[in-house]
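Below you'll find the structure, written out as structure tokens, and then a few comments.
Which chain is which? They are A, B, C and D, in the order written, and residues in each are numbered from 1.
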Amino acid sequence: MPNNIVKVRITEQAFDPALELSAFGAGRQDTGALANFVGYCRDMTAGRRVGELTIEQYPGFTEREITRLANQVSRELGTLDLMVVHRVGAIRPGEAIVLVAALAAHRNAAFEAVRLLMDYLKTDAPLWKKESGPDGVRWIEPSAHDHARRDQAKEKSGEKV
Amino acid sequence: MPNNIVKVRITEQAFDPALELSAFGAGRQDTGALANFVGYCRDMTAGRRVGELTIEQYPGFTEREITRLANQVSRELGTLDLMVVHRVGAIRPGEAIVLVAALAAHRNAAFEAVRLLMDYLKTDAPLWKKESGPDGVRWIEPSAHDHARRDQAKEKSGEKV
Amino acid sequence: MKLVFLGRFRELAGARLSDVPLPAGVRTLQGLQDWLARTEPDLAVALTGARTQVAINQTLVRDPAYPIGDRDEIAFLPPMSGG
Amino acid sequence: MKLVFLGRFRELAGARLSDVPLPAGVRTLQGLQDWLARTEPDLAVALTGARTQVAINQTLVRDPAYPIGDRDEIAFLPPMSGG
């Protein structure tokens, strides 16, 4: 895959997923499929009102680890371009937290790449989330369900990420 | 699902997926996940160079049938907003053919909705594709693989679409 | 009645069948298909593929006994391929 | 050496541990953990969760015998939750 490109960006600024996508893969004519996912900060989680979400990174390490995960997914699924934008810092409900986008020749690879990378990010991206709202402040850790999904994905892909 | 919205648009004009997405779900704070898929016209398919793709619709019927499929998927997966934009007419390599986007509370429902609707569109949307290039003109019909995927999806969802 | 041929069927049928009076004796979808087999044998063969569908007044119809009148729109749809 | 505590570990550790001289006798990751258990017992208990990971000079390390020197950056990472 000579054109296999992986871009990862960690940003403290709010970003516009549509704007990021408009530049992504622009002008390519060899790709049939773009799949992508945007995770947003919700105003309610598990019945609790969310005022603000804070995501902490480990500068340098976080970007490198996410790039490693993305490269692994790109190789496994043979995507053309693969992009991750991840917000850190203080985030308000309605704002985008993460964008994962994959270009591939066919839709299956594009879908799978986005899905697999999202599964990995949930448990293996060095990021730490804290939710604050009227009910107080709490750190969020991946659920047993997230870990199960990731382990399943790992098993299916047959490779260690 | 009181906010369950389905939008379907058939267009003869080229459309910009990023622009369509920027309006989609704008201002919502109750949704955690946006998944979407864009299918592009490729410059090569199965080793043949593509000069132009022409998609024919059955005016009225096509939009209604796609709306029916989208409503079905929206109900099954409990998406919030679900959008389909489908190009018809003469399409050049690099241009977008179809956009399917789903907003949901959680990522799994959003992913599944986009994927299931794409599977249905491949075999059940009243659209007919003709490819022309240096090797001549040919009508494209869904592959046995497309039908198998759709039947599998149908079975998994447990409902008849 | 109005006959609509989509996709490659349209190329086979051309425009000559788009608006034809209901043929004498045709009262059902099966009757119409029999009439086409007599008057347009090549087209009729193409229409008999396993994945051909028929819409009457923009509703998919599978019953060969479905009634047809002179004000109906009957469409012949080759295998669909959206997305 | 530089100690980095992320997420909820950072809140427990505060800033007092960010830059400390290598304690006498500490030569490995295990040695550092033992030292923390003696000097910061509450923090050390938090750090012993099954999903806690350690990065030395920004590389994940699992081997308790991994050597540690005074110029190293040792980070304690609670369970990660991106996406």
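As a working rule, a contact is a pair of C-beta atoms (placed from the backbone, for glycine too) under 8 Å apart; a residue touches a chain by one contact, two chains touch by 3 or more.
Owing to the predicted nature of the structure, the values given are computational and were not obtained by experimental measurement.
Participant: Remove chain B in your head; which chains still hang together?
Facilitator: A, D | C
Participant: Counting in whole Å, what is the centre-to-centre distance of chain B and chain C, each centre being its mean C-alpha position?
Facilitator: Computed value for the inter-centroid distance: 27 Å.
Participant: Can you compute the centre-to-centre distance for chain A and chain C, using the mean CA position of each chain? Integer Å is fine.
Facilitator: Roughly 50 Å separates the two chain centres.
Participant: Approximately how many whole Å separate the CA-defined centres of chain C and chain D?
Facilitator: About 76 Å, centre to centre.
Participant: Return the residues of chain C touching two or more other chains; collapse runs of consecutive numbers into ranges.
Facilitator: none
Participant: Touching two or more other chains, which residues of chain B qualify?
Facilitator: 39, 118
Participant: Can you give me every chain pair that touches, using the contact definition above?
Facilitator: Applying the touch rule to all chain pairs gives A-B, A-D, B-C.
Participant: Under the definition above, what is the set of chain B residues touching chain C in their complex?
Facilitator: 39, 56, 58, 60-61, 64, 66, 86, 97-98, 118, 121-130, 139-142, 146
Participant: Give the list of chain B residues in touch with chain A in this complex.
Facilitator: 16-19, 21-22, 27-45, 93-94, 105, 107, 110-111, 114-115, 118
Participant: Mind listing the chain D positions that touch chain A in their complex?
Facilitator: 4, 6-8, 10, 51, 55, 58, 75, 77-83
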